[in-house]
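In the two complexes below, subunit A is the common chain; its partner is subunit B in one and subunit C in the other.
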Partner chain A sequence: MSEMAAETKDLGLNQDIANEGEPTVVVTRPSQGGDAQSDFKRTSRMTLYVRRFLRRPSAVFGMVIFIILVLFALLGDKISPWRYDEPDFTALAQAPSADHWLGTTIGGSDMYAMIVRGLGRSLLVGVISSVLIMIISALIGTTIAFFEGVVEKVGMWLLDMLLVIPSFLLVAMIVRSSSGTSGWLWLTIGITAFGWIGYARVIRTLTMSLRELDYIRAAKFMGVSSFRIIVRHLVPNLGSVLIINTVLGVVSAVNQETALSFLGLGIKAPDTSLGTLLMNGQSSVLTAPWILLFPSAVLILLTFSVQLIGDGLRDAIDPYSRSAGKAE
Partner chain B sequence: MIKYIIKRLVNYVIMLFVAISMTYFLASAFMDPRSNYMARNPRPPEASIDRSLDLANINDKTSVFVRYFNWLKGIVTEWDWGLSPDQEPVGPAVASRISASVQLVTISTILSIIIGVSLGVYTAIRQYKWQDRALNALSTLFLVTPAAVLGLLIVLGAIAINNATGTRIFYVTGLHSYEGGNIGLSILDFLQHIILPTLVLTAIGYVNYHLTQRTYLLDTMNADYVRTARAKGLTLNQAIRKHALRTSLIPTTTNIAFSIASIFTGAVITETVFAINGLGRYFVTTINDNDINGAVCIAAFSGVCTLAGALLADILAAWLDPRIRLN
Partner chain C sequence: MTDTTMNNTTTAEDKPILEVRDLRVNFASEAGTVRAVRGVNFDLYRGKTLGIVGESGSGKSVTSMAIMGLLDKNAHVEGSIRFRGDELLTKTDKEMSVLRGDRIAMVFQDPLSALTPVFSIGQQLEEALVIHNPKMTKEQIAKRSIELLKLVGIPNAEERLKAYPHQFSGGMRQRVVIAMAIANNPDVIICDEPTTALDVTIQAQVLEVLQRAQQETGAAVIFITHDLGVIAGIADDIIVMYAGRPVEKADVDTVFSQPVMPYTMGLLGAVPRPDRAKSSRLVPIPGAPMNLVNMPKGCPFAPRCPLATDVCRQSEPDLLPVEGREGQLAACHRVREIVGKGLTFRDIYSVGESVTSKFAGIPREDRQVVLDVKHLKKTFPLTAGGFLRRKVGEVHAVDDVTLDVREGETVALVGESGSGKSTTLLEIMEFKQPESGEISVLGQRVEKRMSRETRRQLHSKVQYIFQDPMSSLDPRLPIYDILAEPLKVQKMSKEQINDRIRDLMALVELNPDQVDRFPTQFSGGQRQRIAIARALAVNPKLVLLDEPVSALDVSIQAGVINLLEDLQNKLGVAYLFVAHNLSVIRHISNRIAVMYLGRIVEIGSNHDVFETPLHPYTEALLSAVPVPDPKIERTRQRIVLQGELPSPSESFSGCPFASRCPKFSTLSKEQQARCLGEAPVLEVKSGSADHLAACHFA
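Up next is the complex of A and B:
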């Protein structure tokens, strides 16, 4: 793809970068101690970030919802008399009642217990694969940009080549052969294996301007090893972009998990995830709508809250963000 | 220009070849057609299983490289994409489903672009006003809602409407059900089927155009030449329409070109929810049937779509943006 087209594709993939019209670089400075005697009180970077984050009601709202959901996934099964893998054969496809708080599925599984379990699985897959994706894409993206020349050419060609076949199809092929209990692991591996490519391209674009900076050149001329420059200088200086992308990456990972499980290719019984629950709900949309409605609500809450947190973080830690207030 | 396009094309063909070969090896490694027969009761004799698998060129006892070269030879010499485990040729199966997929995505793609771009312009001009915030919140909601959830909720709503009115306004499965010869009725029938999936695909699709168009326009609105236009005495609206909007449409155009492929994969879920026999649903079938040749054929088709989109994007960008020189 031509340079211009590649740029615009990057922009399309990642809007926080598009905001500035050109690749932005985030420079973090080591906090300086020593001048504590001076009269004015320094606002530390973290305080600043937290303050900016809290200034946005939507971000705080997202954070609260997300924490509640995590607690629900961790502790929800403690208060329920039913377990997700213990069907109650005396109550098949029953509407919500005092006995089964959110009703039961056609197979008699308690919806409440299933949702707690499914939410846990979706969160696990989403968070782990998003973190792994960002680690891999940060290392590969910066490496490709750092070495320039042939490495960059070959690397970019390979990345473009890997993007030719939609990753969704490839993930589906890999996770298909997985069994019930290890399904979530395969799903995480699959989403990670094909999810990093687009991000690596974005990070390479960002690194292109970073690699020209003096401290990188100084490090190079001082004889610091390439690997060390990448890990100690390049990656940390993309920190805020990486954090934001990791958070927003959870949304797309959860979406992928849901889509694959919904098609019956991801997590399978006896294990369960929110996508698997949706698949179950689809077959009984008329007779037992609660099987569909509750997991849908939880899913939307999950992805929406993570997105709100991501947007809030972007405004809080991205130095180019416009929401920090204007000094005019 | 033509030299440039040919150079691109050659590069893309090589890319496509490597990507499809990779997919073939991946599919061969992870899909196990033998298990189709092993699960049958009574289990067929091993010799007969082997013969069926050999006929389709998917026997795991043959070396994967031998299978790969047989498969490649079939495509190059006879444009034969191989057989499914049930000995059905996969090429015609894919071709017959392309039309359903095209019918499904065409209207929604056009709607997504129109709605998305106009909303992007509308909200960019009103940045941080309540309209901007409200529409942004709505788009964010659609952005994060999984396609399956959206589709199923719309089905639920449509059924409720059908029940409330007592007539069948919306059909929730398939693309056609009318069998007669009346053209008016068959168009009406098609519309009754297509409206719900179109709603889902548009809701998912427009968001990207909205958010990116907004960003692009905001970027160009602060550019020097827009300020110059304002200084010359143009009103804000004129300056935006004549100067800022034009430039900001260039990246959107390339976005549209790229979306050709994502339209296709985005429809997998929608096709499943609405039981539409398009490529997406066929892909799920091939995966479930361990149909290596079928899955690779679909992957190859979507790969062609991706690269066609990329090439189109290159050409469009060069054509629209005088700053880009092709060489």
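Up next is the complex of A and C:
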């Protein structure tokens, strides 16, 4: 057994076509970015993506901001003497001061603590719903496309029907009926429940070209079950699209959350989110502008950074992008 | 503008129209700088055809793109390209646009993607014309378009102008692309593998059209191809490229009769000959093409060259004139020796031993029938647009096909695209009850209701190999998982799978340690080996192969063909082989079935079909195959079939081939009436009882 392995090692390692006796130096093909060879230096796909991502300054900048924001949301309350749910009734609508770094709201809540809490809530809602949306839409989109025929027709018809539903209104109704503390959870569920439909359509379109590829047909011809084909072949090959959509989906989910909360239909006191803060701030924009300014600055920073990351990712993953640099 | 160029042409006949000097192109890549072209020199004269031959990655296409100024932005170009004395490399994209399509035109490989699907042929031709002649009137454009389409041999040109690309077949589309290329009477036409995607019969037509177009425009042609057969017939001079450099340059006869560079010899020796019966194994060039990043010093071919010495590994030879041969240049340190001793391909490359077949000596009749197809039919409905899709007709993709495949033999299905050969394969592989007729695999009839278990067993007996190993392997899975997939379907245990994968890798001559790599890390030939390993994983009795070597480089192709042969002999597996390359078929198959419009028109042993073809279609098909020998190419009489396959939606009361049949016109009125009125059946015609043809007058 080991003998055979040793023998074939020589053959296979060195070359494409067995050529006994002639110890040949191994060469590779340029276009495929590498070959099987002994001194082959393998660049894994992840390192490649990271390298390409890092080559883009704006993407790195976005990443840094995003990480700072996440750290801020996680650890920001550790350094503040105030908690978001303990208002300081001695300082109502106060401008930023040594005591209250970013001022207080009309109700006396510390703005800094409120923003930390609000950012955390917004991020949580955004990230969870975006990931869920991608999982659901990837599975449903690929399934609809994979089975073709009747399944595709009925599936597309259902998707079209679902698109007609006034999702904003329904989400608002779901969240309204929930209690104060679990509001964010219902909001996440609501955004997810109506957010996947559009993406599923997009993914179905992408799968349509994928399903014609030989390796999908090869799997069918080997007798691989449909579910396995979808999970092992179709979804991973949409990976780059899914990752980009997930990242950019965070922005749209945060925006949706903010919009709903701003209208008073999202997260309610005592819990808070960026949208809720904005709503509170807009009523006193002339008398206490900091209540509006600081949360909006954070919101803009958040969406801006995620957008930059999304752009960078798209370029890093896209094999046709210019991230390879320039020849000398 | 047009006037002045017209005047120039008369004075510039003897001067080269295009001069390329020391052209170098580098690309940036993650691995480092790719030196795609490293010093190309040539002169191009009006009315002459320069052939550039080389494998993928040899820099031939990059050279042509550099001339067109169509290289990617991350390319760095050095050297000089002068068109009529004008330096092209310093021109801006805008200045190049004036030349492109007007003075220098290009015919691309893939006619499917060279035309925009949303515009009609007429609109696209109009675009090609108007961009360089803004003053043309509607009538002039229409007239010129029709003229062009007629020139490239498209029937009903007036009507076809309104048609969209998808309404044309591949060959027709390529004709349209050629029409667009010659629309403005260019001085240089660059053809980048223009016939690679086409059938042999269509290839013969398109080559003829190209030659006609060249005569009509007097243009110089750069013909890029990997097919030595094609280039033998069309080129005047040939440049053989390897690793971005020309390694041999001479006129076409010299290259084919007295090649000097070992690589050229290898290329010529690795292709099976369509005009000769199989005499021995093919000889692959060992190794794979060069990595153009971090090239080691020395001759780039040295690692694959059996003649390489230390000098070859130390310094790269220059392209120098070969002593005693006029006009021949070669880049090899050992030229003197090769010329002096008169070394040929057989002296340089060693021929391996083939494995004797498991079934050698057992006559065909005594072998078990692996696949039995009887009267198989497959139709696709044709629907008309509108809200409710109604059926307006049907396409007879496969029409009454009967054939059997026995243990250990290779049956080849031959025919133009659209003849139903791939559909036949797919129909067998689907394991669904056919519309009509029956399919049995090892005695098991394929029926509508089969248990999961029966289906699984069928999957273990029949496997499929695709044409393109780049797309048939999931790029996101490591080789181990790819090979494990069919085994998992057969419910094998982890240990069994592990052992089997190690054996498989050895079987296809790959290193078992490489199973953790991804498909993109292997070369084309290696990937096809992996695909073969995957197909053989479950020990099938029958493998269906859809053009398994046509996507591979010539030097790699030979290795894969040898492997397929050895595996068949070792394992006794039967192949049902679909290919358009008749040379390969002649080499590998035992029996041949020629298909036309979904029907088998001739079936018989390899020898019978190639030596004494009965059906006129087979004759035409065989004569269309280009032979890699310029002398034969120049003298032989080729039967060029007129027209293309009739639409498969047509129904014929008589012989479907009658409309294109060269024999038909030689028949008397009564005989012609029989051809048109009575469908011929497949029957024994001459001596051999195993040789059948469907022709009234064969």
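By definition in this document, the second predicted complex is superposed on the first by the 279 of 328 C-alpha atoms of A that agree within 3 Å, B and C clash if a C-alpha of one lies under 4 Å from a C-alpha of the other, contacts with A are read in each partner's own complex, and residues count from 1 in each chain.
Rule of thumb we're sticking to: a residue touches a chain if its C-beta (ideal position, glycine included) is under 8 Å from a C-beta of that chain, and two chains touch if they have at least 3 such contacts.
Just so it is clear, the structure is predicted and the values come from calculations on it, not from any experiment.
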Based on the superposed arrangement, let me know which partner A:110 touches: subunit B (first), subunit C (second), both, or neither? neither
Can A:296 be said to touch subunit B (first), subunit C (second), both, or neither? first
Could you say whether A:271 touches subunit B, subunit C, both of them, or neither, answering first, second, both or neither? neither
Figure out whether A:164 sits in contact with subunit B (first) or subunit C (second), or with both, or with neither. first
Is A:174 in contact with subunit B, with subunit C, with both, or with neither (first, second, both, neither)? first
First, second, both or neither for A:282, with subunit B first and subunit C second: first
Who does A:262 touch here: subunit B (first), subunit C (second), both, or neither? first
Check: subunit A residues flagged as touching subunit B and also subunit C 4-5, 8-9, 11-12, 15, 18-19
Touching subunit A in the complex, subunit B uses residues 8, 15-16, 18-20, 22-23, 26-27, 30-32, 140-141, 143-149, 152-153, 155-156, 159, 208, 211-212, 215-216, 218-219, 250-251, 254-255, 258, 261-262, 264-265, 268-269, 272-273, 283-284, 287-288, 290, 295, 298-299, 302-303, 306-307, 310, 313-314, 317-318, 321, 324, 326
Mind pulling up the subunit C residues that touch subunit A in the complex? 26-31, 33-34, 36, 56-57, 73-76, 284-293, 296, 303-304, 306, 429, 455-456, 459, 463-464, 466-468, 471-477, 485-486, 488-489, 502, 505-506, 509-514, 517-518, 520-526, 529, 531, 534, 556, 558-559
Which residues, counting only subunit A, touch subunit C once they are in their complex? 4-5, 8-9, 11-19, 22, 24-36, 40, 42-43, 45, 48, 51-52, 213-215, 217-219, 221-224, 232-233, 236-237, 239, 322, 324-328
Complex contacts: residues of subunit A adjacent to subunit B: 1-2, 4-5, 8-9, 11-12, 15, 18-21, 157, 160-166, 168-170, 172-174, 176-177, 251, 254-255, 258-259, 262-265, 275, 278-279, 281-282, 285-286, 289, 292-293, 296, 299-300, 303-304, 306-308, 311
